[in-house]
Amino acid sequence: MNALLLVIIPLVGAGVAALWPNNRTRPWLLPIVGLAHVVLTGWMFLDPPEVASNAWLAFDPLARAVLPAVSLLFLVCAAYGVTYLQIRSERPNRVFVALLLAVLGLLSAGHQARHLGLLWIATEGVTLAAVPLLHFNATPRAYEATWKYLLVGGTGIALSLLGSFCLGYASLHGGGGGDLTFVALMSQGAGLSRPWVLTAWVLLLVGYGTKMGLAPMHTWKPDAYGEAPGIVGAILAGGVTTVAFTAILRIRAVIAAAGEGPIADRTLLAIGLFSMLVAALFLLGTRDFKRMLAYSSVEHMGILSVGAALGGPGLAAALFHVWTNGLTKGTLFLSAGNIRRAAGSPSMDQVRGMAVLTPRSAAIFVTGMFAVTALPPFGPFFSELQLVRAALAGGHGTASAVFLGCLLLAFFGLTRVVFGIVDGRPRTAARANGKRFVETAGVIAPPLVLLGMSLWLGLCTPEILREAWAAAVAQLFPTSTP
Amino acid sequence: MNETLNLLIGLAMGLNLLALGSSRLPSLIQAMSFQGMLLGLMPLIMEHEHLDWRLGLIALATIAGKGVVIPTLLRRAMRAANIDREIEPFIGFVPSLLLGAAGTIAAVALSQALPLLPEHAGLLLVPGAIASVLTGFVLLIGRAEAISQVCGYLILENGIYLFGLLLIRSTPLVVESGILLDVTVGVFVIGIIVDRIQRAFDSLDTRKLTALRE
Amino acid sequence: MSGPLLLLAFVALVTAILVGVRSSRWWLALTVTGAVAGLIASLTVLLGATDWEWRSELTLGGELIHLRLDGVSALFLALLSVVGGTGGVYAREYWSEQHYPASAPRGRAWWSALVLCMGLVLVSSNGLHFLIGWELFTVCAYFLITLDRRRREVRAAGWLYLAASHAGTVCLFAFFSTLAARTGSWELGPMREQAGLAPLFWLALTGFGVKAGVFPLHVWLPSAHASAPSHVSAILSGVAIKMGLYGIVRFSGWLPVPAAAGWVVIGLGATSALLGIAFALAQNDFKRLLAYCSVENVGVILIGVGAALLAEANGDAPWGRLALAGALLHVWNHGAFKALLFFSAGAVLHATGTREMSKLGGLWRTMPWTAGLFALGAVAVSGLPPLNGFVSEWLVYLGLFDAVTGRGPAAWAAMPAAIMLAMTGALAMASFAKAGAMIFLGAPRTKPAAHAHECGPGMRGPMLVLAGLCVLIGLSPVLFWPAVARAVASWRPAWAAAEAPAPLAMLGSVHVVLAVLMVAAAVWLWRKAHANSVRRGLTWDCGYARPTVRMQYTSASFAGIATGWFRWLLQPERTLRRPRGLFPTEAIRLERVPETVLEKLLGPVSVAVMQVSAAARRLQHGRLQSYVVYVVAGLMALGVLVLLGGAP
Amino acid sequence: MMLMLDLILRLVLWLLLAPLLPGVINRVKAWVAGRRGPPVLQLYYDLARLWQKGVVMSTLASPGFVAGPAVAWVALTGAALLMPLGPAGAAFSFRGDVLMLIYLLALARFCTAWAAMETGSAFEGMGAAREVSYAVLAEAAIITAVLSLSVQTGSVSLVSMLAPSAGAGAVLLAAGLFTVLLAENCRVPFDDPNTHLELTMIHEVMVLDHSGPPLAVILHGASMKLLLFAVLLVQAVLPMGDMSPLAATGALAGGVLAVMIGVGLIESLLARLAFRRVPLLLTTAFLLCLFALLVAWKGNRV
């Protein structure tokens, strides 16, 4: 029931927002609903409800291991959103607020979906609901970005639907009832017909990989993140990608149950490393600090899928990384949003000396950059180290070498861009613009809070979180866990 | 009944080729929408023993959506942008025709590799689906006009729908209608964006949509 | 005893970081307190018999905190405390509020943070915490190097440092996580019995070698040391690069090492020593010269360590103990005199605003203290008796000679090492004769040099302390032997031996005698000269009518002969404009020595990488159609991968 | 008491005998050239005269200008006391004293170079540059020679190193050390102590601006250095240990004399080398010592 509530509350909120008359007070719905969502999630996190095995929508261990992170991220972004929408008061925000809340609801649905079809519906729903958020700025560039997001993402999502059908048919052909709940599919296990399972795996991996933004299906990402408001970018990077990742995890479990685990892991490892490599190469050259964030996100999606490919310990590390990366990315997106707004351009050819114009945001941005490039004591350091350790323990020497090499290249790229815009003396044009942008608590506190959370996650990871991740691992590897 | 079904599927595959070969957008949309209607009919034929209201509902929705609503949307956009033909596609019409044909053959070949249940063995569903998906991809890749790309995307979805028919018995109504809903909404959204682009760039030529790049 | 002191140091430094931004007085008091506490703590361990160890129930990053201060780490901690404290005092005047209102407060906070983090590295006995401390101190050092961020050159140097360090850190990532994966825990400690871990040594050597500035990996070092504020250069060169050495010493002591380790390390050491000093001699920027000299000294230390490893491989031959003791003592010595030299370099920079020796000269007149202290440092760094540099090099020599007379296979490493060490010594002497002469002697070459001013007591004090340390170690090495012996013992228990090697006492007394005689003789001769009448006049110079300032020998020409022998490596770039016509107006001869490894080796590589990246970025050209193609391509690739079932 | 006496005797010996050597060399040269030449004791007269003279100092020079020579002189004296004298052994002897000896010579070099740079004169800069640069090769040669000695004797202290003969490698070692001697003491073919073409000189040019007592100290130090090398060479080659004290003393004295005569002959027969040839010759010396080392290594391989 509560599982359903997690979906319904935001959707209701969305409805209210759609009807709410006042453009100035409407944004407050965001933090209110977000808070409610966090409270409910937190409560369910602390005492996890019984999960009926045939339930389609349930707060199962995997959801428990991931959804709270998304919920927290959303709450902070919502708080930021209030100030942001006040700054952007010239634009009507009815659609924006309503759909942002809808996205939250659908995200909750997607994380908790235990049925392949339902999962697909939720993901597609998120994809569509995000569209108006992307072109909130209503510039031609924004529309172009949305168009690409829609068609590339749509193609991907279509393929994943095809994949879902294939999996269903695999179950039919294997003599099952074609029941698309993961429990049923896993229990059918080796009974699934092999060719269909493999076809399904490829289609689903590409499909959900597109949503996740794995190379080479990542092409929509820099455009979308580059043109969307920072808050949307944060939620896309921290929430939507996570849904896709959990989807892949659930499916991978089915494939493993069907006895094709090794192949699935190989493909995951390959595509993960490839994504990291591509992202690193793009980071080395890109000159736009919002697109930079997109590529960095591609890199971290690669890290996640590498982690997923490494079995138990790697998966635990990957779930850890979902949290740390999500929160740290949030910091970066929000502070980058401030800088973008103050500087009036996202390109390091125009932007210089932000340390002078927006000292606080610049400081947060730099710190966040160090955090996301695995500088202790921030979260990503611990999750990535744990991941490397898992890889080495699993005997993936070359893989970890490539992994670390890509991290290094990415570090070069990120530092280049970030210091490029922070240092130096600001352009006079930017000065005028920067005067207009005031670093109020409303735009500084949220990224700072996220940074703090990332720090806290790293330094003293709560035991209960580790347990949650372990439980999720146990759910996805029923055999391999003692 | 398999014969009738296969006939329809064959027809759909033929429409794919038509869509690939036609330079005029109206005929492309025409083909696409007709294909949509055919798909709408198929479940009725497959399940003709025990028809019930839900099947009817789905069929109706499909026909209405794929066959009527969406095409009208696209036609509107087309008129607004006053274009009626694909000027210079990335892949010419003859090549894309050949590609489509090759795709169809490949589809038949591929479908041999995938084992089917006896009751589906005689059906052209799988090759038909694959063929449409491939067609969709060719259109997405080969066409420069936004509208023809949308058509390509829709044909791709038709292919998937075609495949979905294999599961028509097993998948519960909620799921199917949900999927259907999503797809329709998706197309609506695409339609809206096409319209916005038309306003922002007053053209639907995707060659103009290359501002975002490294 | 050590525990409370270390806690005190910790608290003091943390508060120093917090108050540093506001008040410089409190900051100084706290930092010095922390340094003194750290020094006493490390000395109690070094002079006592037992290690200090503390296992806590607190966890950090999911790992129980486990601190340990044994001989080796205490040795480095003592050095850190001395340089950290003196540097703090120096910084208060050198990087003062009125000169750098913007960056001075930041600088204070970062300084304490740097000292604190390096201390954490030294005491932490858990791989995870070691890495945390390591990365943090790297970043602190970065922000200290780039204190003066407005200057592009500084930023570039800082970035190079950051990038290189991160490359090293990545190796350490691999090293520690493999260690953790193999042993099943992040705990560090003696684990020589697990022979399987031996290959990890190479990872450690690379990772720590970058930080230590071992020759081919030293690329970040010169520019960082040159463009950092001088007190930062001092702690970088005096302590930070020693952290790399600490890592090498520490883990070659705790982990089993591969058979080839000794050979490789001694080889690296000899190369770094000789080539490093060759580069130093060629420099015109005196801070670069000092930086390259650090590469040399790291080489000397590594020669000692390598010899120790060889000795150990030959069944704990006793000469290993001498070599290692020499190396560890040299860690202290280099810390002391290099910090002293960088401080005096800072004073010169502060007074004249230039780092180019060809623009200085004759400073002894305006800044006698600095000149004298620099001269002392120069004698020490050239390893000349009776100062500390000689003592440690002498120990290393003894180790090598015993290896040779021992006639093991190790002799074949020791003989070339000894010869290269001798050449290194001579080159070091040449470099510092040049540096001292160009900066302080002769006539001022430019106006700023002519109007220099002596530094204040705040900067002179620290210099005097360090100079005193150099003299003390030189004159009575026996005093310091127990500490070094303790460190050696905790590196290799088999070499535990309290009593000093007999000649050390002898050496000390000879040094004292010599020192006294030298001072006496100098005074006496001075008196005698004046008794006979002293007439001051123009430099005679074989009767030049009016010798001008520009006639003086320049640094390039001074180094010309020796650098000529290393042209293959230094590849100096000359621009020459000969005098033309009957009445030639101008003739120019410029010589620039490039960063060979960086410009000739890494440059092309990075260009290639950037080309690949540019090619990749061309794929993101904005055409949706091809994006769909990529999706299809991905689909097919994965399909193939699945069909083949092949590994990536 | 005894020790004190011994020490004083040595000092007297070293300080008084040293200035004799240049005289001897000049004698030999004069004899070869068929001139009368200066008296053997010429240097003593010069030193005495200089000691009384006043000093002319460049306005640029710092106190280091005077301190340098003094320190150098002390360093050389110290080195001399470390050097064993045949049967009499050394004043101070400990493991590794040989290294101290080498580094004391280096210290002396550093101080002379420093003092030379004091005046900011181009010529003296030139000289100092040459001095410190050639020292690199010279020290390599010396350390190699020392290595070969200690390989042979298995010891690192001069007394026991110099006792036996250099054995098979003796000739190589002698040649090598002799070359180093010539270089280190600025004799032909490396340098020409009695030209006045400043451009061509090393040592002489460094002391151009010195005068009075400091110059005296420098000159005396130089002569002691010469003696030091001669003694080292002789003892390295001859089997001092196996001789009776008397014979040993005789051999030592004779050897030193022979070396001086050799130097004199070379100076009269050879011309100075062009400077770019100098490194070549020094490298040859280094290689000679290296071969000596290898021979020693093979030599008493048991």
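Labels A, B, C and D are assigned to the chains in the order they are written; within every chain, residues are numbered from 1.
Basically, a residue touches a chain if its C-beta (ideal position, glycine included) is under 8 Å from a C-beta of that chain, and two chains touch if they have at least 3 such contacts.
These figures come from a predicted structure and were not determined experimentally.
Of all chains, the one whose mean C-alpha position sits at the greatest distance from that of chain C is B.
More inter-chain C-beta contacts link the pair A-C than the other of A-C and A-B. Between the CA-based centres of chain A and chain C the separation comes to 44 Å, rounded to the whole angstrom.
With centres taken as mean Cα positions, chain D sits 99 Å from chain B.
Centroids of chain A and chain B (each the mean of its C-alpha atoms) stand 31 Å apart.
Chain centres here are Cα averages; for chain A and chain D they lie 78 Å apart. Counting only residues that touch two or more partner chains, chain C has 617, 620, 624, 628.
Looking at chain A, one finds that residues 147-148, 151, 155, 222, 282, 285-286 touch two or more other chains. The touching residues of chain B, counted against chain C in their complex, run 90, 137, 140-144, 149, 206, 209-214.
Interface residues of chain A, counted against chain B in their complex, comprise 115, 117-118, 120-121, 124-125, 127-128, 131, 135, 140-141, 143-148, 150-151, 154-155, 158, 161-162, 165-166, 168-169, 171-173, 177-180, 193, 195-196, 199, 222-223, 226-227, 282, 285-286, 291. Across the interface of their complex, chain B is touched by residues 617-618, 620-626, 628-629, 632 of chain C.
Residues of chain D that touch chain C in their complex: 51-60, 62-64, 66-67, 69-71, 73-75, 77-78, 92, 94-97, 99-100, 102-104, 106-107, 109-110, 113-114, 117-126, 128-130, 132-140, 142-144, 147, 150-151, 154-156, 198, 208-209, 212-214, 217, 279, 293, 297. Of all residues in chain C, those touching chain D in their complex are 361-362, 364-365, 368, 371, 375, 379, 382-385, 390, 394, 397-398, 401-402, 404-405, 407, 411, 415, 418-419, 421-423, 425-427, 429-430, 433-434, 436-437, 440-443, 501-503, 506-507, 510, 513-514, 517-518, 521-522, 524-526, 528-529, 532-542, 547, 549, 551-553, 557-562, 565.
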